[in-house]
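One chain, subunit A, links the two complexes that follow: it is found with subunit B in the first and with subunit C in the second.
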Partner chain A sequence: MTKGQKAAVYLFLIVISAVCVFPLYWMASSATNNSLDVVRGRMLPGLYLAENFRSILLQQDLFRALINSFRNAIVQTFLAMAVCSVAGYGFEIYHDRAKDALFSVLLLAMMLPFVAIMIPLFRMFSGWHMVNRYMAFVLPSVATPFLIMMFRQAARSFPVEIIEASRVDGLSETGIFLRMFVPTMKATYGAAVTVTFMNSWNSYMWPKVIFQDNNSTTMPMLVANLLGGYTVDYGMLMLGVLICTLPTAIIFFGLQKSFTNGIMGAVKG
Partner chain B sequence: MNRKIAAAVLAGVMAASALAGCGSAGAGGTAPASAAPEDTAAAETEESVAEETAGASADANSLTVWTWDPAFNIYAMKEAEKFYQKDHPDFKLNVVEVLSDDIETKITTAASSGDLSTLPDIFLMQDNSYQKYMTNFPEVFTDLTDSGIDFSKFGEGKRAYSTKDGKNYGVPFDNGAVIAAYRTDYLEQAGLSVDDFTDITWDQYIELGKKVKEATGNPLITSQSGSPDLIMEMLQSCGASLFKEDGTVNIVGNEQLLKALDYYRQMVEAGVLVEVTDWDQYIASIQNGTVSGVVNGCWIIGSITAATDQSGKWAITNMPRLDGVTGAVNYSNNGGSSWAVCTATKNKELAIDFLNGTFGSNVEFYEAILPSSGAIATYLPAGDSDVYSKPQDFFGGDAIYSKIIDFAGKVPSNITGAYYYDARDAVGVALSNVIQSGADLEAELQTAQDTVEFNMGG
Partner chain C sequence: MNRKKGLTLQKKKLLTGWFFVIPATAFIFLFSFYPMLQAFILSLHRGVGQNLSWNGFANYTRILKDRVFFQTMRNTFVYLIIQVPIMLLLALILASVLNNRSLRFRGLFRTMIFLPCATSLVSYSMIFRSMFANDGFVNTMLRGVGMAPVGWFQSGTAARAVIIIALVWRWTGYNMVFYLAGMQSIDYALYESAKIDGASVFASFRHITVPLLRPTILMTAIMSISGTLQLFDESVNLTNGGPGRETMTMSHYIYNTSFVQSPNFSYAAAVSVVILVMIAVLSFIQMKVGDKRD
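Entry: the complex of A and B
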């Protein structure tokens, strides 16, 4: 590649990244402007961050929503990791005749859109008096076909020799999973955590249905509330969106490396 | 072999989910009136458990309210609580923030499953949705006709939204009376004043609009593309709607509708009206000063006054009327909402007394909520109060709030119909096809009529 070509490639990439990053930049800078400036299209950061923050605290229980969202997402991610990785590992390592049929049913469940099962799900949980309980939000997503498939795919690349050697050395099946499989699959876990946490954090429809009081409000619900009025305070709205975006952004950037590795899904070396 | 197993598993799953469905239906408190005593008792325990986490208040001195918008409805409700507590110190209100669409979804879910116990004591509903929900779920709404609330103190057009078969099912709250607001500095450049825009017809409006456009380069009005707000306002200003009195669709051959659409088209062609892509752009055109006026429900004032640097440059008057149409006036309505008392409430008397003591009769209360929230009442006596008569500097020292209550009292009532939003959306589609791609108006209206009739049939 000549210097000129290289420059052209870089220029192209710079332009494309600017286009991608611009909405994020605008979101952040709008959070520091007042509503009027946002509407008038001011691009530069302003001095209204504190005021927007005050208005949001005055209108909404921001900290409660943050705590709720974090609790929901962390508990869900933790449980989903525990359940789905065991399931994915089991599907791949152990052999049984009904296994493939069961897996097809699982894949079938993946085809069902959530809205189709929402009403029966709601009736189930309201029958168990779990409306407004955060476990009602967590439970339906603890075992997802997507995660199980992801872990099964990862287990496929896990060398059988390691398992056989461990068995010979007298390690129990649980031991093999915990001490051999889990440490090798860090990248897969990283990717799975990212996906699950983001899905849980951004989840809107189900919490909207199952949470009926102010105390269970989650961050996306709070952002939606900011848009409900006759007059929208755009500065405050953008700050709400920014606060709602930050945790997933931090997790994504923190686990970015393992995310890409995990999606590739290979054990190296 | 594999296939057989898969089939067995599937059948098992289906059977299990069917059983689960039956189980929760039985537990949901759907016991019919003739049910055995044990069943009713079971349903009641079920309800009381549900109340711990959701639904109407069980405590004799407290009420649960569902509403939206912290700066407006929620604020008003919390102030109402303070007012009512003056005479009832033990009274407590639990205001839950639920968006308007979600209130409607939750009512549909609860009423369809026959279990009203998850609903609150009082909820707010958009006026345009009232007829639909009163028709489909009459069991949710408490008849307030003889509750002691004096409904004659509210504007007729406003009251009609929550009235069915001559009975009142809602306490009217916020005002949706249509105002026409103009940038006086722009009008001056064209040698005009707001008086030239008072009590005019749409024909005059278009002529004046051309002058303003010539002098300032700005259109007189903006409209969100494909949104039939303005058309609906024009229709109601002559007491018309998209439905006939017997509830059938009135789109094809609706003389007023044709006239309204024709004016809209004329305005677009003359450049007096400019369409913008979405609501945010609509607000931006007002706040950026790229438009010389607004015609919309009076709640738009909140967005106008947000541009503080335009203080003193706005004036408010009534909207133009349709020329040559019987019953056409310069007043209309867009938006607004009313409070409903849910039949499942355990504290019906308290709920009614609370609404009556605040939203239903208390001018002082309406005075107290106006300055901070801008929530303009539909309670007509409030218009004469000192707070409402106070000159507003933003609008050149005009007492706009009294003016708007006066407007509200003159709004003709029309038939909303249970399929209001279906009809409105269909007309919106027709409007956008006609304006954007020059489609044939008659054909588009026929399609709109067919769509709504199809929805009503299904």
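Entry: the complex of A and C
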């Protein structure tokens, strides 16, 4: 590349990165401004952070929503890891014709639009008297074809020799999975945890359907509720958005390395 | 696939295998396939609650006469046709630029471009809503450079444009990560020898990157198409479907039919079956087209 081309590439990357980062800066700085300044397009941080925080607390049960969202996401992530990593391992290590066929059938579930199964799911859980119960939110997304596929790909790179040696050493099949596979697949688990936690934390349509009382409100629902009034307080709204974004952003940064490695493993296979 | 055939799989190990895969299978059958079947059965009925009566295909013929459905379908396909190609092409270009090993700050650029994915769909809808507000940031900027401000949420075209911009912002980095990951398995020496042979950057993009990444491109295309046909959060929170119903998506319409005003589960189920068929057909075409060129 000539110097001119190189400069053009950097300029392109800088412009794109700026476009990507700016709305997030806007969110953070607006959270410290009052509504009037936000709609006037004020770009600098202001002094209204505490006041916006008070407004949210007056209007919404912020701590309840935070606790709900954390509990939902943690339980869902934990169950999803247990069920999907075991399944991905099973489909690869013990594969035979029947299991391969079953796996292809499970992949079809990826195509089902959630909006299509939402109504029967809702009827099912109301039949079980589970409306407003957090397990009704968690259960439908415990097993996803995407996660099973990710762990299946990871298991593909797991050396057969280790399995054979462990069998010779007298380790049980479950023992091999728990003591050999799980510790070596930290990157895959990191990626899977990131994806699952984020999906759970951010999900909006299903909680909107299944959580009908104020006690089970989640963070995205709370943010959407902030729009409810006659006039929108944009400063308060942006603070809500910021609080809703922080946990996933922190998890993402914490697990970024294993996330990209995990995705790479999944795509490469 | 035969590399483990040498093992003598005793009955116990066979059972362990099934024991490992059955919980996930049960979950997916119970919470995905069974409800889908239920949705189909429900779509052939009419009535409320438990008082359902057989309705044949009447819900489906009603869809054919439903102007609102066609409006929301048109909106969704506008998003699909404009946003998906722009986003995937941009993601592909960014990934191949960032794959260049002589570039500095690659990790930093990658992180910044991926950053939008850390926001929830509701959150970024709100961010864009405030940025594109009447006196908001974007119009202030437009006035600053001497252009007329735009009433972003007053006309259907402008509001759809905001949704498309927001979608491209949110998902380009996500797809880029998949392409970057796919590029790891392309031998970097290929690019270096192409360069020595005098191939332009564009030529190696066209003749090395695109053909070798085809499976990944296919995967992201199918994911994006299916995701776009299911758009919901943006339609609800960014524009509330408005003005009128000019930005409302099919999922938003189904939600409204099911849970807002007079709920009609069976008709909503019929509409959702139609969306499933669309996703299946489009994915199937994608796979056929994707395979043929090999």
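Quick note on the criterion: the second predicted complex is superposed on the first by the 252 of 269 C-alpha atoms of A that agree within 3 Å, B and C clash if a C-alpha of one lies under 4 Å from a C-alpha of the other, contacts with A are read in each partner's own complex, and residues count from 1 in each chain.
Methods note: a residue touches a chain if its C-beta (ideal position, glycine included) is under 8 Å from a C-beta of that chain, and two chains touch if they have at least 3 such contacts.
The structure displayed is predicted, hence computed values, not measured ones.
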| item | value |
| --- | --- |
| Simultaneous placement of subunit C and subunit B on subunit A, clash or fit | clash |
| In the superposition, subunit B vs subunit C on subunit A residues touched | C |
| Which superposed partner A:120 touches (first subunit B, second subunit C, both, neither) | both |
| First (subunit B), second (subunit C), both or neither touched by A:68 | neither |
| Touched partner set for A:52, first subunit B, second subunit C, both or neither | neither |
| Touched partner set for A:132, first subunit B, second subunit C, both or neither | first |
| Subunit B versus subunit C as contact partner of A:231, first or second or both or neither | first |
| Touched partner set for A:40, first subunit B, second subunit C, both or neither | both |
| Partner chain(s) touched by A:32 [first = subunit B, second = subunit C, both, neither] | neither |
| Which superposed partner A:200 touches (first subunit B, second subunit C, both, neither) | neither |
| Touched partner set for A:102, first subunit B, second subunit C, both or neither | both |
| Among 113-121, 131-139 or 167-175 on subunit C, the segment whose C-alpha atoms clash with subunit B after superposition | 131-139 |
| Set of subunit A residues, in rising order, touched by both subunit B and subunit C | 39-41, 100, 102, 119-120, 123-124, 208, 224, 234 |
| Complex contacts: residues of subunit C adjacent to subunit A | 1, 3-4, 7, 9, 12-14, 16-21, 23-25, 27-28, 31-36, 38-39, 42, 94, 97-98, 100, 102-103, 109, 111-113, 115-124, 126-128, 130-131, 133-141, 169, 172-173, 177-178, 180-182, 184-185, 201, 216, 219, 226, 229-230, 232-233, 236-237, 250-251, 254-255, 258-259, 265, 268-269, 272-273, 275-276, 279-280, 283 |
| Complex interface listing, subunit A residues touching subunit B | 35-36, 39-41, 59-60, 97-98, 100-102, 104-105, 108, 119-120, 122-124, 126-127, 129, 131-133, 208, 212-214, 217, 224-225, 228-232, 234 |
| Residue ranges of subunit B touching subunit A (in the complex, touch as defined) | 1-3, 5-6, 9-10, 13, 17, 20-21, 23-25, 27-28, 49-50, 53-55, 68-72, 96-100, 102, 106, 109, 113, 118, 280, 283-284, 287-288, 299-300, 302-303, 306-308, 335 |
| Subunit C-facing residues of subunit A, complex | 1, 5, 9, 12-13, 16-17, 19-21, 23-24, 26-27, 30, 38-41, 43, 83-84, 86-87, 89-91, 93-96, 99-100, 102, 106, 109-121, 123-124, 139-143, 145, 148, 160, 164, 173-174, 177, 198, 201-202, 204-205, 208-209, 219-220, 223-224, 227, 234, 237-238, 240-241, 244-245, 248-249, 252, 256, 260, 263-264, 266-268 |
